[in-house]
Each structure stands twice: as C-alpha cells, then as structure tokens.
Amino acid sequence: MDLDVQVTSNQLAQSNLLRQVLADVTPQLSEGKVATYIPALARVSRRSLSIATAGCDGVDASAGEASTRFSIQSISKIFSLALVLNLGRGEDLWKRVGTEPSGDPFNSIVLLEREAGVPRNPFINPGAIVVADMLCSILAEDPVKKLNELLSELCGSEIASDLEVAESEAAHGYKNASLANLLKSYGNLRNDVDQVLDVYFRQCSISMSAIELAAASRFLASDGYDPVSSKRVVSSADARRINALMLMAGTYDAAGAFAFEIGIPCKSGVGGGIVGIIPDAASVCVWSPGLDETGNSLVGRAALASFVNRSGLSVF
Amino acid sequence: MDLDVQVTSNQLAQSNLLRQVLADVTPQLSEGKVATYIPALARVSRRSLSIATAGCDGVDASAGEASTRFSIQSISKIFSLALVLNLGRGEDLWKRVGTEPSGDPFNSIVLLEREAGVPRNPFINPGAIVVADMLCSILAEDPVKKLNELLSELCGSEIASDLEVAESEAAHGYKNASLANLLKSYGNLRNDVDQVLDVYFRQCSISMSAIELAAASRFLASDGYDPVSSKRVVSSADARRINALMLMAGTYDAAGAFAFEIGIPCKSGVGGGIVGIIPDAASVCVWSPGLDETGNSLVGRAALASFVNRSGLSVF
Amino acid sequence: MDLDVQVTSNQLAQSNLLRQVLADVTPQLSEGKVATYIPALARVSRRSLSIATAGCDGVDASAGEASTRFSIQSISKIFSLALVLNLGRGEDLWKRVGTEPSGDPFNSIVLLEREAGVPRNPFINPGAIVVADMLCSILAEDPVKKLNELLSELCGSEIASDLEVAESEAAHGYKNASLANLLKSYGNLRNDVDQVLDVYFRQCSISMSAIELAAASRFLASDGYDPVSSKRVVSSADARRINALMLMAGTYDAAGAFAFEIGIPCKSGVGGGIVGIIPDAASVCVWSPGLDETGNSLVGRAALASFVNRSGLSVF
Amino acid sequence: MDLDVQVTSNQLAQSNLLRQVLADVTPQLSEGKVATYIPALARVSRRSLSIATAGCDGVDASAGEASTRFSIQSISKIFSLALVLNLGRGEDLWKRVGTEPSGDPFNSIVLLEREAGVPRNPFINPGAIVVADMLCSILAEDPVKKLNELLSELCGSEIASDLEVAESEAAHGYKNASLANLLKSYGNLRNDVDQVLDVYFRQCSISMSAIELAAASRFLASDGYDPVSSKRVVSSADARRINALMLMAGTYDAAGAFAFEIGIPCKSGVGGGIVGIIPDAASVCVWSPGLDETGNSLVGRAALASFVNRSGLSVF
C-alpha cells in the first residue's frame, strides 16, 4: 500500500515517542497487582509492557512486547457492542441497556436492581451480558466465532479465544451468573442463562497483542470506517457514541479520573490492556498486567497519561 | 391425654373467638391479589380462609377451612432455622447470617452486596438459602426429608413437599438463582448452587393446613419444647431469638407495621399463610391467599389484628 | 403509700439482683468510649455505673450511682413521642413519621431522602425532629418546659435541661441542622428550622438519674398508666406501639442485636443511658457512659443482658 | 480588531446556521416546564429562545433573543471553579471535591453522605458549595463581586447578580442549607454556613444573555486563554479538565445522554441556559426556559443536538 512508503518518517517519530513513554513508566512496573482470580491470568509476568498505535492515516507504531498476546477481557465489550450496532440493532439495544455513567464498581448488582434490570451502560458486566444475549438472538452461528472473524479482518491476523481462560472464567463466574440470573428475572435476557454466559466468558477470553488491539479499534478513531481493511464497522454517529460511552464508563469506577487526567475515551480489561481513542488521529493500546485498586492497568494508565502529555492529544 | 378432657370449655371459648375473627375479616376477602408467578399458586381461590391456634396447654382450636393444605412457602424458613439450631450449629450460623431487621424488600440483592455476602437475617431469601446450604453440609440425608419428618412429628400427620410447586419454583427461580450465585461468589455457600436451590425450592413447596402449622410452631410459644409431641426442638434461648427475628423480619418489608399494629412475632409466606407466636400462651396460624402490596396475606393480616384485639394478647 | 410496706421483701430481692448484675459487668468498665463530640459529655467518668428498676407494683430498686444525673440525650425521644400521643395527635404524627425499623446508622440522611422527607420512625434523629416540630405547633408554651413538667410528675422530682449541654449541642449540631433543613425542603417541618432545633437540643440535654428515668418510663410497662403518680400518659394501645418501636428502632443500628440478645424494648442515648421495658412487670434503666461502636452504652448493654438472663424476663 | 474584518463571510454563514437551528426547534417551544420554585424564575416566558456562538477566531454570531438576560443559575459553577483554579488553588480543591460523574440527581445528599462529605464533583450543588467556601477563604473581597468582574472582563459588558432572585433562592434554599450543614458536619466547610450560602445564592442569581455567556466561556474552547479579551483564565490543562468534568457531570442526571446524543461538554442551569464547548473551535450558548424532566432546557438541548448535527462538530 502506498501509505506505508510515504509515512516512514512519521512512523519513526511515532515509535520514538512510544519508546519514551515506556521509559517514563518502567520504574512503576513493580507497583500493580496482577489479577489472580483465575490461574490463567495470574500466570502472566507483572513486568510485561507494551504500547502500539494505529493511525487514521494507516501508520502503525509500537514499542515493548507489542506482539505478545494477552487476555483482552472487558475490552471485548467494545467489539461486541460494535457488532450489534453493525448488525443494525442499535434501536433494540438502547431500549435494553442505558447510556449513563456507572458511578459504582464494575460488577455492581445494586445499580442493576435499582433500575429494574436495565443496566446503566453496555460496558458494565450486566450491560455486556445483555449485548451477548442480543448476539445470541440475532446470529445463527456462534457469536464469538463471528466476533473473532471481525477482529481478524480488522487486524489482519487470526484471532481466537483462549479456551483454558474461558473455562477458568466459567468455573469462577458466580458473580456473572448472579447478574445473568437477575437480568433473566427481569425479563432482560431472551436466551438460556448458561448459553449467554458461555458466549460472554469466551468473548472475554479472546487473546490479542497491543498491535492487534490498536489496529482492531482504529475504526473508532476514523468515524466507524477502518481505512486499512477498508471495512465500515459502524456508522459515523455510532462511532462517536461508542467513544462517548468509553469516556464515561470504559474504565470501571475510575472513568472520571481517566477523563480528568487523560482526556480520551478508554476501555480497559483486567488482563491489563487499555485501548484509547484519539478521534481523527489514532487508536492506541497499552498493556501491563499489574492492576491498580480500580481494576485498571496501573502502568498502562500512567503510560496513557505520558502519551497524551507528550503528544498533546486530547478530545478536550 | 388428660389435657384434652380438662380444657373443653376453654376450647369452646377459643373456637368461638376464632369464628368471630373470621366474621370480622370476611368482607375483605375480595381485596387481596393471589400470587401468580407460578401456576400452582395462582390456582388457589382467593376466598379461602382459615385460622387455627395451638395452646401451650395443649388446647387446639380452629375455624374456617382449617384442614385445607396450602403452600407454606417462606414460613418454612422458621423450621429450617430451627433445624440448624436443633443440630447445634447456631454458632456457625450467626457468623454467616446476621440478626438485623431487613428494612428493604424481601428479595433485595442490594443489601446482600452492600454487606459482602452476609445476609441481614435468616428470613430474607439469601439468609434462608445460607440456612439451606448449612443443612446440606450437616446432614447425610436429604434436608427436606428431615424437615418433613420434624414437621410430621410436631403436628402428628404426614407432611410432604408438593413437587409440582417445587418444579414451578425452580423454573421461575431466576432471582433466587441470582442470590445463590452471589452468595457463592462471596464464599458464603459451601455446596453446589443447584443442589442448595433444589433444597430451597422443595422446602418452600411444603404443604400444610392451618391446624398443622399452628401445631408445628407451638414449640416457639413454649420455650422451645412442644408439650404435645413431647419434643424439645430448640433451647429456650433459641426459641426467644427466633421469636425476636420473626418480629423484626418475619413479614418482609411490613415487619415494622406488623409489630406496631399486631404486636406479636409473625412469619408469612406468599402462599397466604401467616404464623404468629404469643409466648407462653399459644401459636396461631391464619391462611387466606390474597396478598397485599407487601406480599403478606391481606385478610390474614387483618385476622391477626382482630385476634390480638379481641384476645388482648400482645408481647408488649 | 401502702404498696411500699407490703413489698419490702420483694424490694430486697430485687436490689440484690441489681447488685449482682453490676458485679457481672464491672470488669468491662474500661472498654467503652465516652462520647466526645461535645465537652459537657466528654467530661463524665467512664467508670460511672448504675441500674434502677421501677415495678408495675410500685416497687423500686437500684444499685450503683443510681441518683447521679446524666444527659438523657436520645432517651428523651420516648417522652416527646409520648407527649404528642398524650395530646391526641397520633393520627397526624403517623402520616409524617413511619413505623419501620431504621436499618441504617441513626443519623442517616440517605433514608430520609430516599423516602421523600418521611423519616422511617420517631427514634431516628429526623423522626424526633418532626416530633419536636409537632410539639411546637400544638403547644402554646415551650415544649421542653412541658416535657420537663411531665417527667417531674412521673418521677416525683424536679427535672430540667442542662443548658450548657444544650448550647454545646447547638454549636456542634450541623448534622441535625442538615436534617432539619432537609425535612423543611420536603415540607415536613411546619415551624422555623432554628426554633425546632432549639427545642430538640434542649430536650436532648435533659438531666436525669437512673432512678428517675426508670420511674418516668414505668407507664410503658403498665399499659400507659403510671400507678405511682396515678397519671395516664398514653392509651394502652399507644404504650404497646411505643414498646414495639423501641424494640425495632430504639438502639440505633444495633436494634436487631438487642432484640436477639436481650429481648425487651430498649431506648438508648449517647450519654450512656439505656431504658428497657418489661411489659406488665417493670421498667429498668442502666447507665454507664462508655459507648460501643454502635453508639450504645457498652456496659449498659451487658448489664441489661445480665439482668434479663438472671431474671428470666423477656417479651419473647 | 483585524479579526472582525477578515471573518465577515464566516460570521454570516454562522448566523445563518444558528437561525436554522432555532427554526428546527421552535415547534417544541410549548413542551418544557419553566422552573417555578422561586417566583422570579417562574415569571419568564416559556417561548423565549436564543443561541449565540463565540469562536476561537474571535468571530461571534447569534440568533433569537440573544441579548436578553436570564438567570444563569448552575452555569455559574463553571466560573467559580475557574476562579479557584485561576487563583492557584487546584491542588487544595481536588482534595475536597472529587472528579467523578455524579450518577444521581443533582441535589442528592445520598452521595455526599456515602462519601463522607467529599462531593463527587464541583458541578453538583454540594461541590459548588465547597468551591464557594474556598472563594470565601481565599479572597479578601466579596467573591461574587470578583466573579462578576471576571465575567464583565470576558464578555465586555457589566455583569451583576439579580438580588431579587438571590433573596428568593435564599428563602427557598432549605435543600442547599441542608447540604451546607452536612458539609460543615464533615469538616468540609471552613467558613460560616450562612456566609457561604449567601455567596452561593448570589452567584446563582447572576444575569447574562446568550451572547454574554458564549463570550464568557470562550476561554474553555481556547485552551484557557480568551483571545478577544486577551485574558488567560486558567491553564491549558485546567481548561481541558473543566471540559472533561462538564461532559461527565455538567447536565445533572442527563450527562450520559448529552454525551451520547450531543457529544460536547455542556453545563446547564435551571434558568434554561446551556453552555457548550467545542474545543479549538467555539463556545455556544442556548437559552429557552422550559425544562425537561432532568432539569435541563428541553428546547436548548434539542437546539444543541441540531447545532452539532448541522455543523458536524463533536469531540468524539
């Protein structure tokens, strides 16, 4: 592709910036706490660190272990949401899931009950479970297979779930089982509880690298259309809405602090990955498995702060 | 038994009182709403009405359809609690379940989550599910079989669960499945979620008449010892504690109103039954399937108010 | 009075019991924490200890520093409530204040807001503030003067507020000012916020001894009529209702634990006093200023447990 | 100024756009409900409508009654916050006020209590009251005088509070008095409750037109520096933070819906005004007094949606 040739110097500058960002945060690598609720996650080294960007101009850059795959966990919620919107079911969806900030820990059953079974947004667990339920209803085939096909197409490499992780999630997934049953009791789950949970656990266990995640979320920085794979994923308006939701609810109970300190839409996962979107410029993915007390990658968060600070990028 | 002979005139007076009570409330029989969440409950006539008392002196009395059996539902929570205490496991129990008034609707997940998996008391659903879990751990045999044996012994007739009701409960039991999974996620359920729920649903589906329920709860009015079957069910101190809990938490969100208006410990079920205890005097059971908006038998509640009013009995 | 003569042996036995109760709990005297939010309360010695009973038969007994006066604080809520009922305004009152257990710390604004300005019961601060507001509306004279007259009549000695304490309360009373303003914003306060708070603070600062408090609350054990002063304070039904409310909501967030462990209606104050009612038998008052983490007298609570245990008295 | 001459055609296009926006929403003018809690606000006609923009390039445009002043109410919270940051007290401020979305109605005491006196953000009432308290501590002179001077400087006309409105607010301000007293009880108010409330009520009663408000908030679209008055109000980083907070918490309980539908930082007031910020482009102000059920201007909200839709402007 022509793009590659003409932007070499841009790419060099970008890679240089990313190396500086990693140097900024390396001293903090010992501080976070790796998620240990399932063995497959606990096994990852806390010193892992990577960053990758995917520009709207097609220019990619990266630094650190950027090809090492990790469990994307809740970052998958971006893609399952995009898939429902891609399938034209936004209108149905926004009747069953809200668009408000969560304002409480990411698993909270309290909010779900207070709101009679309508989760506040699609990025808290109950909201993502409703999204998974919609995919089960809409698609004839396995929703996770479809999701992996979309991701493979967007990042140009074969993406799959890690079934060992998925099984571990299922074996320890009592809180999600509680949420799914509560949704079912309110009539906001159409399919079998076990079937929906199986989809949800397999979607969370998808493995991707920072390079792949940056590439796969580039469409959100490009008005819903990925210029590299030439695929329109969602409409321009829906891309803006996903970004707005990420800003307000993408990083659990720390969404306010992320918006205040970092100022770009982000979505994190307990595997230590965080995806950030700079509209009309680039997507960025950082990974470092040590988590802070809000469940977000401690070093990843610091790296994003350094990145926006050094680059001057912000939506505000 | 000698008792029967010497108290005939007492029994006559008592039966007369109970007939007056039923006459007082009959005009309200059309007001309540029969529980319809499962077909087996919805089928019962709203005009059913009965009352029975079981005296500490061995004198029983009744009026209305007092031999007709109904689904005891949450009233079973008294007996499963008594069985755990009877088996000497009170110390363990009160570490896993609290002794506070609930102050919120009977199914509320909110409270359970706020208190990190320790239900406020054994009469809200999550508390009763923990009690069922303890019975699963303690007993080698089926806990519901054991419970039915205890009830049979206390009321002198064969008591059993209605399996059609139990299956219906299970098929619609998403809220209880949600609660059980949440308890499991907090480590406050030791056995398999499905096993405990099976016990819980079968315990709720036990069928008894007003006469049988009054007899079966007489031990609570008699310091834990049933003078008729000559069975000590719980210690005197535990009988007082069960009564205290019934007063504070036995009638869902209306416990305050019951204590204020009626003034005796009560435990109700969505099948329309209510058991009341007058310490050192008698137990009383009323049944009428129409429920008020708090989930308590509307006419049963009125009947208890009339009963304490006419008899002058109250713990205060 | 004749009563005095005929009950001497009873009184001796009773005094003996009370001395044993104090002996039981003396070892715990160093454990509690004296309330320090106002200097006048902080000054009291943690080693103070007293107990007094006032029998329905007119027999009084006491042990320890039973004539030493202390700040009755929230115990005053019993008497202001009784005064409103005495003045025939129960119907109005129960529209503006609920009869439910509080289930949350005693000052909680949360519950008040959730319930749109109707406090859950008259024993949490906002409920007592509404009661004070009613007294301001009903009475031509100063409500606290009237309250002190009632108390003086019931215990046969001159009762008054400690104005130093009242001023201290007012100077630190921001939380109560917050509650009163919130009630006003919901339209559940008819008089001037400052006027009602002044009444409330002066009512809380009434000084009484254990002997006086036991005598003043004897009417609650005697169906609303005080046999010694020959004064009917409230109707028999209202006495029962006050007792029911005390049991459910008289000891802040520990009401459940009190009912479970002690089993009689109690009302406590942060001055370290607790009044208990044994219907048809006696009222009892204990005092020890050290508080436990629930705001109740630590040693007073233990003394009541010992008292009911040794005497076998309980409502259940 | 040179700017004026070279952008005439731009201004014409802009004015045209604004007229179209007003035409879009005029049919909805009868739908909203004018705030009636104080007479001075209730008097305004529901059919009032205006819009104004202030470009980073110095170009201003407007349509409708854009010179008519109205009560800015909560929009004043932007300027008091900016003033504290301008005075270099950001570090202190963010210890006493959070940066999280509110997730509950704008007056909620619940959140304040749950978080022990630290308001979730400076745009809910308790947060703004803490900001007012800081201004009282920092400034020797009257904070509202200082605020009006800043606003006058930024919009080039004399700005003042409407004292009739301020008095009305004070007379009906029980909920704010409740909040201020609760803050005081938690030690998060350093000055006298009445003094802080006086500042707060007079700040809310400032009168400005849409043209003036757009001009006064232009600095937020221009990295903290107003190019027209040549005044740096806050640092570039602080401007971004204010915008982030506006997006998350600027429109009461509808913040999520605003971000999702409109996609730019907004701050609304119950007087019917809404200010929006398009970073690096312009500020915009709409006014129409009819409110929707979330307390935001119903027609103003629709006008902003039309404006971003027609102009293609969004931060995402």
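Before moving on, here are some points about what is shown:
When the chains are written out, they are named A, B, C and D in that same order, and each has its own residue count from 1.
The rule is short, and it goes like this: contacts are C-beta pairs under 8 Å (C-beta built on N, C-alpha and C of every residue); 3 or more make two chains touch, one makes a residue touch a chain.
The structure presented is a predicted model; accordingly, all values stated were derived computationally and were not measured.
Listed by label, the chains that touch subunit A and also subunit B number zero.
Common neighbours of subunit B and subunit C: there are none. One finds 33 Å separating the Cα centroids of subunit A and subunit D.
Between the Cα centres of subunit A and subunit C there is a gap of 57 Å. Inter-chain centre distance (subunit C to subunit D, centres taken as mean C-alpha positions): 49 Å. In subunit B, there is no position where the chain touches two or more neighbouring chains simultaneously. Applying the touch definition to every pair of chains gives A-B, A-D, B-C, C-D.
If you check the complex, the residues on subunit B that touch subunit C are 98-104, 120-121, 239-241, 243-245, 247-249, 253, 255-257, 259-260, 263, 265, 277, 279, 314-316. The part of subunit D that touches subunit C in the complex is made up of residues 108-110, 113-114, 174-175, 177-182, 184-185, 193.
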